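Structures incoming, each one as C-alpha cells.
What follows is a pair of complexes built around chain A, which joins chain B in one and chain C in the other.
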Partner chain A sequence: MQKLETLMLEKAKNLLSSGEVSRVLGWKKGELGYDVEPSVFTSAQSLDNFVYNVFCGANLSKYLVQETKKEGKILVFLKPCDSYSFNQLIKEHRINKDKVYTVGVECQGKIDNYKLKENGIEVVESFDEEVDFVTVNGKKFTKGEIVLGKCSVCEKKLLDYDEVISINEKRSPDKDRFEMVKKLESMTADERYAFWKDQLSNCIRCNACRNVCPACTCTKCVFDNDNSGIASKANSDSFEEKMFHIIRAFHVAGRCTDCGECSRVCPQHIPLHLLNRKFIGDINRLYGTYQAGEDTTSKGPLTDYTKQDVDPSDVFGG
Partner chain B sequence: MKKIAISNIEKLYNEISSLQELYLPVKKAGATNFAKYENGVDVDIKSLQTVKSAKDLFFPQSEDMIDFKVSGKNIEIKDARAQSNPFVLFGVRGCDLKSFEVLDKVFLQEPVDTMYKSKRDAVTVITLACNNPESSCFCKVFGVDPANPKGDIQATIVGEEMFFEPLTDKGSELLSKLTTLEDGDEKAVESEKKEISQKVEKLPFVNLDLSNFKGENLMELFDRPEWEELSKACLGCGTCTFVCPTCQCFDIRDFETNDGVKRFRCWDSCMYSEFTKMAAENPRKTQMQRYRQRFMHKLVYFPANNGGEYSCVGCGRCVKKCPQSLNIVKVIKKLGGKN
Partner chain C sequence: MQEINKEKKPLIVAFCCNWCSYAGADLAGSSRLSYPADVKIIRVPCSCRVNPMFILKAFQRGADGVIICGCHPGDCHYTTGNYYARRRMSLLFSMLDYLGIERERTRVEWVSAAEGAKFSKVMNEFASKINELGENKRLEDLRCKN
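And then the complex of A and B:
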C-alpha cells in the first residue's frame, strides 16, 4: 500500500508541476490514523498530507459535481467503486469530463471504522494491506473481519481511465452480494416489517445518507424545500422515517451503483444499502443483469423501453 | 457507598423502574441509545457511548407544543406539552453530564424554556465512570473527569461489581430506597479511579490548547483563511449537530392534520442550507460559512457570553461520526493555539 501511495503521489506531483492539472482530489491524513478525510490539494507542498491506505473508504466522485464547475482541470483518484459513481454522474451530465484527469487506483477493501470501535481495536500496527489490528486486550483481527460491508461483496473492476495505478490483482469477494436481500425476501411480511421498523426507528434524519449519495444530486432536495409542502426536518412519526428512506431508494433505483456510502456514513449504522440492493436484484431479474455506472452512455433499464420488456406482475404476481 | 454484582444488575433495573421510569443505554438493531427500561430490552452499559447523547431526555429531537383543532369557525387550542413524571437517567458519562450544564445556561435563563425545565426538574441522574476512555475522547480539556462524572449518584464498575456514591440529596434519597444494593467499600473504587486517570493522561487529545479561543480574538479567528481548508469535505449533513450533546438549535414547525394543525419543535442544524431563514433566506450562503458558525459558536461566541464556558464537552462523537472525518479536534489543532 505504501508503494501504491508513492506512485500516486509521484503522479500527482508530476501533473501539478506540468500544469496538466491545477488541483488534485484525494485523501488527507487525519489525527488518529483512521480519520482520513477527502481533500483538494493545490500544491506539491500541500501533498505532504496526502494519504492512500485502508481507511480511504470515502467515495470522491460526488465532489466533482462542484469541482468541475471551477476553472482548470482536476486530477481525481478513483477506486473501482468510486469509478462506477463517476461514470453514472457523467451519464447524468452532472460532471464535466473534460475538466477531469482520472486515475484508477487499486483497492483491496477498506476498513469500517465502526467495526474497529465495536471490537475495541485501538492499535493499528501498520497501514499495509497485510495489516494486523490489535485490540487493547491483545486480540488480533485480520483485515477481512473488519472491512466495510460494501468491500466484502465487491465485484467491481478498475474501469477505463486516463491512467491506472495498480500493483496487485484484486481479491475476489468473500460473500454473495444478495445474501441479506434473499434472507429478507424469505421472511414473512410481518417479520420484514419488524426488521425495518427496528432499523429505521433509529434514524435521526441527519441526511448524511442523502448528502453523501452520488445518485442524490438534486440542486434542492424536495425534503429541504419549504415550498414543496413536504419539507421535513424531523420525523413527525415512525411512519415518516420509513417513507423518507423508501422514497429515496425509489428515486435512485436504476441509477444506484451500490457504492455503499449510505451505509458507511449512517451514524446509527442502519444497513440502508439493502433497500437499494433489493431494487438492483429486482432489476436484474426483470431486465437481465445490469450494473449502473459500468459505462457512460447506455440507457438504464428503467429509462429504456423495448418490446421484450416483461411486465413485472408476470414475474412477481399481483 | 453501595454496590451490586453486575450479574444481578437486572434486579436493580427492575427495582428502580418499579419506583420511577428508568432510562438507560439500550442496544437496538446494533445501535445503542438512551431508551426506557422495559422487559426484554438489551441494556448496554459496555459501550462507552450512546450514538445520540443524553440531551434527548430533556430536549428530544421532536416534541409537540400546541394542537389547533378547527371545526367550522371555531379553533380549539390545546396545550400539547407532555407531562413529566419523575424519572431516573442511568449510565450518563461525565461528558454528557457536563453538557447538561451547558444546556441549562441556554434553556434555564429568562425566559425559561418550560418544556426543557419540566424534564430537567424531574430527573435523578446516575452517572457512570468511564473504565476505558477511547482515543477520540478529550473531555479533560473541558474540565471533565471521567473517573468522577458527578450527577446525583456516581456509579463505577470495578471488576464484576458496580459501586454507587450519592452526591446530592436527591441521589441519597433514591439510593436509600434501593434494597437490592449492599454496602460497599471505597478502596476498590479509589484504585479504579486512579487507573482511569492514568489512562486519560495517555489519550492523544488530552493536551489540546484552547488559549486562542477568546472573545477578543473573535474577528481574527472569524477571518482565518484555514476555515476554507477545514470545511472543504463537509457534506452539509446534520450528523455532527444531531449526535452533539451541546447543540441546542431548534425549529418550530406546523404539521397540517385533517382538522387542524400540530405545532411541534424539532432539532435543527446550522449545517443545513435551510437553517436560520432570516427575513428571506439563510444569511450563510456557503458550507464554509455554516461550518465556521458551528465551531465559532462552540469555541468563541458561547464562552464570550457565558463566563468563559465552552459549549464543547470533548465527548468525541463528532470525531467518530462525521462521514468524512471532519471534527472539532481538527479545528482546535489548527486555530486553538500551540497545537
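And then the complex of A and C:
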C-alpha cells in the first residue's frame, strides 16, 4: 500500500509540475491517522499531506460535479466503486469529462471507521493492508473484522481510465451482496416492519446519506422544500423517516451504483444500502441484470420500458 | 357494500388518468353502476404523472388504500406514459412490501374509457379488500389526522 501511495504521489507531482492538471483530488491525512478526508491539492507542497491507505473509503466522484465547473483540469484518483459513480455522472452529463484526468487505483477494501471507533481505538500502528491497531482494552484487530460492508461484497472492476495504478490482483468478494435483502424478503411482513421501524426510527435526518450520494446531484433537492413535508425531522411520528428513506432510495433507483456511501456515512449506522439493493435486486429480476455506471451510454431501467413488462400486481406472483 | 359503509369508512384514494380511467369512472356513473363512496378520485393527466411521493402523502394524510388507474398499456394518450408508470409502480410497491406495509393497500389497474363496468368492479373489490385490512397504521402520521 505504501508503494501504491508513492506511485500515486509521483504521478500527481508529475502532472502538476508539467501543467497538465492544475489541481489534484485525493485524500488528505487527518490528525489521528484514521480520520482521512477528501481534499483538493493545488501545489506540490500541499501534496505532503496526500495519503492513500485503508482509511480512504470516501468516494471522490461527486466532488467533480463542482470541480469540473472551475478553470483548468483536475486529476482524480478513483477506486473501482468510485469509477462506476463517475461513469454514471458522465452519463447524466453532470461532469465535464474534458476537464478530468482519471487515474484508477487498486483497492483491496477499506475500513469502517465506525466499527473501529466502537471498539475504543487507541492507536493505529500500521496503515498497510493488514492494518494493526490497538484498542483501549488492548485488543488487536485484523482488517477482515472491520472492513466496510460494501467492500466485503464488492464485485466491481477497474473500468476505463486515462491511466491505472495497480500492483496486486483484486480480492474476490466473500459474500453475496443480496444476502441480507434475501433474508429480509423471506421474513414475514410483521417482522420486516419491526426491523425497519427499529432501524429507521434512529434516523436523525442529518441528510448525510443524501449529501454524500454520488447519484444525488440535483441542485434543488425535493428534501430542501419546506412544503414537501419531509424537509425536517418529525418528533412525534416515524412516518417522515420512512417517507424520506423510501423517496431517497426511489430517486436513485436505476442510477444507484451500489457504492455504499450512504451506509458508510450514516452516523446512526442505519443499513441504508439495503433499501438501494432491494431496488437493484428487483430491477435485475424484473427488467434484466443492470449495473448502473458500467457504461456511459445505455438507458437506465426507469427511463426505458418494454411492452412485455410485468404488471405491478403480478410482481408478487398474483 | 352498505354494510361496509355502516361499520367503518375506509378512505381510498384513486389516481385516475384523464383520458381513460377518469372517463371510465364517468361511464360507470352514467351507466348507474355503483362504486363505494369511500373512493376519492384524483384526476391526473397520465398515470405516469403520479409521483411516488403522492402515494406516500396520501397514506400520511390517512388514506387506507391507494389505487392508480391508467390506460391499458399500448393505449396511453401520450403513447408511452403508462409503460414508465408500470415500471415505477412495480418497484415502489415492491419496496413498500419490503418495509412491511401490506401489499394489498396499493394497486394498479388499467381501465379504459369504455370499461365503466370494470371500474365499478375494481373499486368494489379494492374497497372490500381495504375494509378487510382495516385502518392503515403502518404509514400514517398522527399529526396529520383530525
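Operating definition for what follows: the second predicted complex is superposed on the first by the 295 of 318 C-alpha atoms of A that agree within 3 Å, B and C clash if a C-alpha of one lies under 4 Å from a C-alpha of the other, contacts with A are read in each partner's own complex, and residues count from 1 in each chain.
Following the convention adopted for this analysis, a contact is a pair of C-beta atoms (placed from the backbone, for glycine too) under 8 Å apart; a residue touches a chain by one contact, two chains touch by 3 or more.
Because the structure is predicted, anything quoted here is derived from the model rather than measured.
In the superposition on chain A, A:Tyr193 makes contact with chain C only, while chain B stays out of contact range. Contact with chain B, but none with chain C, is seen for A:Ile204 once the two complexes are overlaid on the shared chain.
By the touch criterion defined above, A:Val315 reaches chain C but does not reach chain B.
Of the two partner chains placed around the shared chain by superposition, chain C is the only one that A:Lys242 touches, whereas chain B remains out of contact. When the two structures are aligned on the shared chain, A:Ser39 is found in touch with chain B, with no touch to chain C. Of the two partner chains placed by superposition, A:Ser17 touches none, neither chain B nor chain C. Comparing the two interfaces of chain A, the one with chain B and the one with chain C have residues 234, 236 in common. Touching chain A in their complex are the following residues of chain C: 52-53, 56-57, 60, 73-74, 80, 83-84, 86-103, 106-109, 138-143.
By the touch criterion given at the top, residues 184-185, 189-197, 222, 228-229, 234, 236-237, 239-240, 242-243, 246-247, 249-250, 253, 275, 278-279, 282-283, 286-287, 301-303, 305-307, 309-313, 315-316 of chain A touch chain C in their complex. On chain B, the positions that touch chain A within their shared complex are 28-31, 33, 51-52, 61-62, 132, 134-136, 204-205, 229, 232-233, 235-239, 241-243, 251, 253, 255, 262, 264, 266-269, 272-274, 277, 319-321, 323-327, 329-330, 333. Across the interface of their complex, chain B is touched by residues 30-32, 34-40, 58, 63, 113, 117, 120, 122, 136, 198-199, 201-202, 204-208, 210-212, 224, 226, 231, 233-236, 264-265, 267-270 of chain A.
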